[in-house]
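Before anything else, here is the set of structures, which you'll find just below.
Shared between the two complexes below is subunit A, which has subunit B as its partner in the first and subunit C in the second.
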Partner chain A sequence: MKPGQISETQQLGPMSGFIIPHTMQISIGILSFQQLLSKDSGQDAWLACLIGGLFSLAIMWMILRLLKNEQKFGRADFFSIHQRLFGKWLGGLLNFFVTAHVVLFGVVFLRSYIEILQVWIFPQLSVFTFTILFCLIIWYIVLGGIRIVGGICMLSFIYMIPLYMSTVFAVPEAYFSNLLPMFEHSPASILISAFHTTHIYLGFELMLYFYPFIKRPQLAKKWCYFGILTSMYIYIILMLMATVFFSRGEMRLTIWPTVTFWKSVSFPLLEHVDMVIIIYYMWALLPSVSMSAWVASRFVKHTFPVIKQKYALVGVLLIFVIISVLIKNGEQVKIANDLYGNIGFFIVYAYVPFLLFYQWLMKKVRGKAA
Partner chain B sequence: MKLKTLVILLLLALLSSCMPTNIIDDILMVEAEGFDYIGHNQILGTATMPNYVQSGNPGGQGGGLPSTASMMRYVSGITYDGKSLVDKFQPEGQRPLKIGKVRVMLFDKKLAKHGMRDQIDFRNRDPDTPRDLTIAIVEGSTNKLLTAQDYQTQIPISRYVQDMIQQNNEQNYPTSNLSQFIYSYYGNYMDPFMPLIKKIGNHLEMTGIAIFKKDKYVMKVPNKDTFIFKMLFEKFNQGVYDFEFAPKKHIAIRNVHTTINYKVKDGNSSAPDIYAYVKINGQVRQAYVGSISKSRAYRVEKPLEKQMEQKASKLVRTFQKKGTDPLRLGDTVRSFTYNFDGKSWPERYQNAHFHCQVTVNISQTGISQ
Partner chain C sequence: MFWKKKRLEETDKKNKPQTIMDLFQHLKENPDFAHFQHQGDHFSCWISFFKTLVDVDYVHRDVFPCIYDEKIHSMKDIQEQLPIETIIRTKDLSMIQSKLLEGYIIIQKNEADTDCLIIPSIKIEGRQIEKSEVETSILGPKETFVESLDTNINLVRKRIPIPQLKVEELRVGKISRTRVSIVYIDGIANVENVNTVKQRISDLEVANLIDATVLALNISDNDNSIFPQFIDTERPDRVSGAVYEGKIAVLVDGSPNALVMPSTIVEFFVAFDDYFLVWHIASLYRLLRLFAVALSAFASPVYIALLTYHYQLIPKDLLGTLISSRSSVPLDPVMEVIVLEIMIELLREAGARLPTKVGQTIGIVGGIVIGTASVQAGLTSNFLLILVAMSALAAFITPNYRMATSIRFIRFPFIISAQMLGMLGIAFCFIFFVCHLLRLTSLGRPYIEPIYPLRVNDLKDSFIRLPYNFQNTRPMVLRPGDVSRMNATRTHKKKGKHKADIDE
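Moving on, here comes the complex of A and B:
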């Protein structure tokens, strides 16, 4: 076994290249992104979804390229790349920053979900109690290792399929004329909306952390692209659904268009489908938060090898609880979401290409020196 | 390790917080709400709850008296408009009032004329209110309608009203519920509508469609024109049109299929042309003796088309004069026009030319010649 290689009993199959990035992308943004997107580009917002998805495909290609180049230098993950390229201290600092973003990823989703629970179902819900209970589940999942996290992602993917199918209930009440006239908005406003899609497409960059855990990564490559294409498809469908279901003025006022849409679905003997789905939606949250906790605990293990991952995990989850409780109201949740989206935009669209370039540069420089 | 896990799991029991529960036997489910405007931004609100009184069942639980027997039927009181009736009436309820399953919301005509901005905003903000809620304007007092005891039917009034409106929505009345109302109310270049109901004697009746301008009631489409309204509004397949081809000589036509297609020309000009193409596929149900037969069906089609076109144009002209747009023509024009000029639309709407072309196909004339 080469140094830095992961034992095969701890590795995931190549298919997880599809499941994990995809389930990371599907998270809390799916409930509310339509409002933000249609603000600038109205009925053409689905184009913004398309553009955002294609851009993330390009970034995915860069990430895979970066990791593949790195394979011959040892373990191919974000932490090792940083330390190899920037040295122990600067690399460690960069590791801290990217991990902070991943922690933000978990916390923002957890806290936004609690906000939705408080608004829609349980106004009296205590943030502290809920996060503690939720973090216990996360603790249990992450303790099982990356394979269990991957399994949770798989289950989440399967469990979410009925929710996507629920969009068919919009068809009888749809006003397809809302989509007309097509391509009315200027490319600039569509690109602004495409910038807003970063929040929903983020998550695939976690590939940078668990790549060495994938068995036969060359096979996982095509699955990674499929994963992003699937998310893109789901987002476009949901965007179209919201556009044809709500009038423009209504959309401007609706904070969670997807949930409001579920609110108008009803079956005989089963009304308020929205409440059932919101609880069910916890399944979309589990993989994101547990992967975030896994990455954060792994960072601690990588930086301070003395600390075992399972002890680091407790600390990480405590941080989750503390930050969640510190976020007091809906406005702060929104600020945290924006912060997460903007930092993520920088990391994915500026930092990853830069890293790829820098890696290539170092190869040239060091290659000549040797 | 096992002990530790056990301790943690036991500690979990302490975490269980005291969430309020909604057990069906322990709450009062509001099923209908009525709002009567009494001036000075004050309303008389009425809420009804279902009455689960069963016939005395000896040997049943509680010594023959069901636990729900003492439930009240309705509460009413005066409050300012825009306030949730549930909050207002809680002091009168012996159990928590819950609005999660409200079926019907009724407003009287005075409130509709006064403007319903606060009411609608409140409904749109409240996560508990279902979106397929049935809403209607009442001619007369909603309080009397909801609290009257002399209906022929024994089912609760909330279900009576909802069934009646939903049934008619499939026939001559355009689809209307809270979702539709909010869609039009908040949407650009369109105005909402609601069905009008009235208590006549010991029953309820649909009397037409109440047309709003923004949040204010402006006019009524009478019962006999609802077919025309629906024909221009959406496609449907269960309406009945009463055609008076000569004085006092009627033919009742049941439509099997009606489709509507809009085309718009010069959407940004000062007088846009709106073309409505209606295709009706119908069957004759009743006819004046000797007025129709299979071979002569086509003779009825032409005058019928003409009458419908005239009526449709007249209806739209009335809307244009009042400056209201319940047919969402403005939105249709927008969807056909690049860089639609929305600011000047209210003025241009009044000048818009509406052309209606109806094609009727009478497919059957009944089982006798």
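Moving on, here comes the complex of A and C:
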């Protein structure tokens, strides 16, 4: 085996190209995105979902292209690309920044989930206790390697299916006329909403980190696009559900439309389905946070090869706990969410295309020199 | 520490016999050791054996008459004349010793000669092949394994009458040197799996090996897991079915259980009866078992969580029943559950240890008397009694006993975490167990295989069992040498059923 190559027992199947980016996208945003989107484009917000999804498809293409070009230079991941193109120091610095975003990705989701728990179930829940317990589980998962993280993604995908199905309960109480008049809003306001969708579509760019762990990347390609299309489909359905279920005025006041909708569902032997689902929703959180911890600990290992990943992981999780505790209230959670979304927008829509261009440029320049 | 080291150094090195005379001197102390000189006209020799280990009838009837015959003049003559297929002639003292203790007869020219003839005459004492008691079934074969390895191999071999069936024997145990057989079909079983099993068994450092389950605990992938990683079964039909599938069976001398490896978690919830029923019914039974596991693990923890933290979740109609049944109970929900769970656990353990007839009585006394009495005494509520009894019942619906005990145990962490964090605690506990299962391997193969890694093809015989004509490939998780079980197109053709259209 060549140095730097990953043994087959540690690799993921091509199907993970579908599962992992998809489950990374599906996380806490699902519960609240409808309000944010309908602020600017009202009943046409589903169009914004569509546009956001199509844009992320294009970015996915760029990411895959970038990684494929990189394959002949050694390991094809974000860290190696940076160090190859920008040298050890600048590359390392860039690695630090992108990893910081990934850590933010994990922490923001974790903290937002705690916020929801505090509002809906346990008002007195201690952030510290919850994050410690959660991080212990994340530690146990990531210790098993990328395969186990992939397994968590797979199970999360399976467990989430019933939740999507639950939108059926909205049909009897739906006012489909809420969707009319269609295309009332100006393209500009729809584009503003599409910008807000970045927050929910982000996550697929993590492909840049675990790509070398996919066994046959050529086969995984179509799965990647399919994964994003699936998320897009789910988001559009949920957006439509919220639009037809809530009136415009209600929507403006509801922070978590999906949860409020679940509150209206009831079964003969079970009431308050919303509480059960919020707890069940931990499964949507697990893949994102564990992948984020995996990437961050991998960054430490890549930058300082002396430190083993298993020790780096403990440090990363401690950082998770500290940041989560530092975020005090709902207002700060919102700020952190916006920060995460905006940086993510920059990385995905500006930096990745630039990197692809730069890679091409370097190929031309170095190619002539050689 | 000091004393430990000293103790370890005190092992008896002198006791090991150096010459054959030492050995005999040593063994003569045993009253059942026969060591005597045969003085014939033409030939005389020393004969030694254990009366309790050899088949005395056989020795008197077939071996001695031949040795005492006048045609015999030397050791070589015995070897030629005696109508037994394997007579070993050796000078190896350790071999002589081990064979003597297994029930062979040793014949020497002079008492001090190391040159010996070793004649097999082992007496096999053991119980008859009986009906299955642990893994009972209504349909299908009823035979079970017994404590003798040779009988067990016979039971497997007669179901797999092909030359490719390999039976390899290893010896395990520093002192006991117990015979362990690895059974697989050459060409179907994955070579890597076979090598892993062989390596794990031969690397094993134990003093003695009593049972196959002990071996399973010793060679499992994760020693600290509460989930068994290899299936142990007492049914030869199940073993041969698994061997046909490409698995490896391990049999241990003196154990009525065979191990089947590698196994996935789904197989622990498969009863062999499932294969004797129509596929819809078999699939329904499997789903029922899965539901039973969930019920058994979650029933009492959810009760605690709902009553302690989330009373909003209880519907109005149910609330009345709950209040009336709990109104006289002074304990917290968690104490109530723990009291009742421990009571049931006591009953179970008492039932398992007591002789059958007493056990039944205890079951009735415990189940009815203590159950109703504890409700009347106001120790527990009626509602919880039903829940706990049902979940106890549900735990033992699992066909494999070791898995059933694991399922029984699982509820206790759930109960504690439900008390601490309510439903959130249950969720945490559940996630922990799922992660643990994800990380488990059996012989290096993923433990929850058809789900992750997702193999749609292997789902045909997991939670549901599709009809036999869909079962034409062997499970992918085993990486079998020969993937296809039978011809896929021919399995779908039914004889005498060529229908092109309605009424044609």
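Just so we're on the same page, the second predicted complex is superposed on the first by the 368 of 370 C-alpha atoms of A that agree within 3 Å, B and C clash if a C-alpha of one lies under 4 Å from a C-alpha of the other, contacts with A are read in each partner's own complex, and residues count from 1 in each chain.
Convention: a contact is a pair of C-beta atoms (placed from the backbone, for glycine too) under 8 Å apart; a residue touches a chain by one contact, two chains touch by 3 or more.
Every value quoted in this text rests on a predicted model; they were computed, and no experiment measured them.
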**Touched partner set for A:Glu271, first subunit B, second subunit C, both or neither** = both
**Message:** Per the contact definition in the header, classify A:Phe122: touching subunit B only (first), subunit C only (second), both, or neither.
**Reply:** both
**Prompt:** Which partner does A:Ile343 contact after superposing on A: first (subunit B), second (subunit C), both, neither?
**Reply:** neither
**Asked** Where does A:Leu37 make contact in the superposed view: on subunit B (first), on subunit C (second), on both, or on neither?
**Response** neither
**Request:** Could you look at A:Leu163 and tell me whether it touches subunit B, subunit C, both or neither (first, second, both, neither)?
**Result:** neither
**Message:** Contacts for A:Tyr280 in the overlay, against subunit B (first) and subunit C (second): which applies, first, second, both or neither?
**Reply:** second
**Message:** Once chain A of both complexes is superposed, is A:Leu133 in touch with subunit B (first), subunit C (second), both, or neither?
**Reply:** both
**Asked** Which holds for A:Ile141: it touches subunit B only (first), subunit C only (second), both, or neither?
**Response** second
**Request:** Go through the superposed model and pick first if A:Ile323 touches only subunit B, second if only subunit C, both, or neither.
**Result:** neither
**Where subunit A meets both subunit C and subunit B, residue numbers** = 121-122, 133, 266, 271-272
**Prompt:** Tell me, which parts of subunit B touch subunit A in their complex?
**Reply:** 8, 12, 15, 17, 19-20, 100-101, 124, 127, 130-132, 179, 182-184, 186-188, 190, 331-332, 335-340
**Request:** Would you mind writing out the residues of subunit A in touch with subunit B in their complex?
**Result:** 119-122, 124-126, 129, 132-133, 136, 173, 175, 177-181, 184, 246-250, 252-253, 260, 263-264, 266, 271-272, 274
**Message:** Which residues of subunit C touch subunit A once you look at their complex with the stated criterion?
**Reply:** 309-310, 312-315, 318, 422-424, 426-428, 431-432, 434-436, 438-439, 451-454
**Prompt:** Taking the complex as given, what residues does subunit A use to touch subunit C?
**Reply:** 13, 15, 117, 121-122, 130, 133-134, 137, 140-141, 144, 148, 150-152, 154-155, 158, 266, 268-272, 275-276, 279-280, 282-283, 286
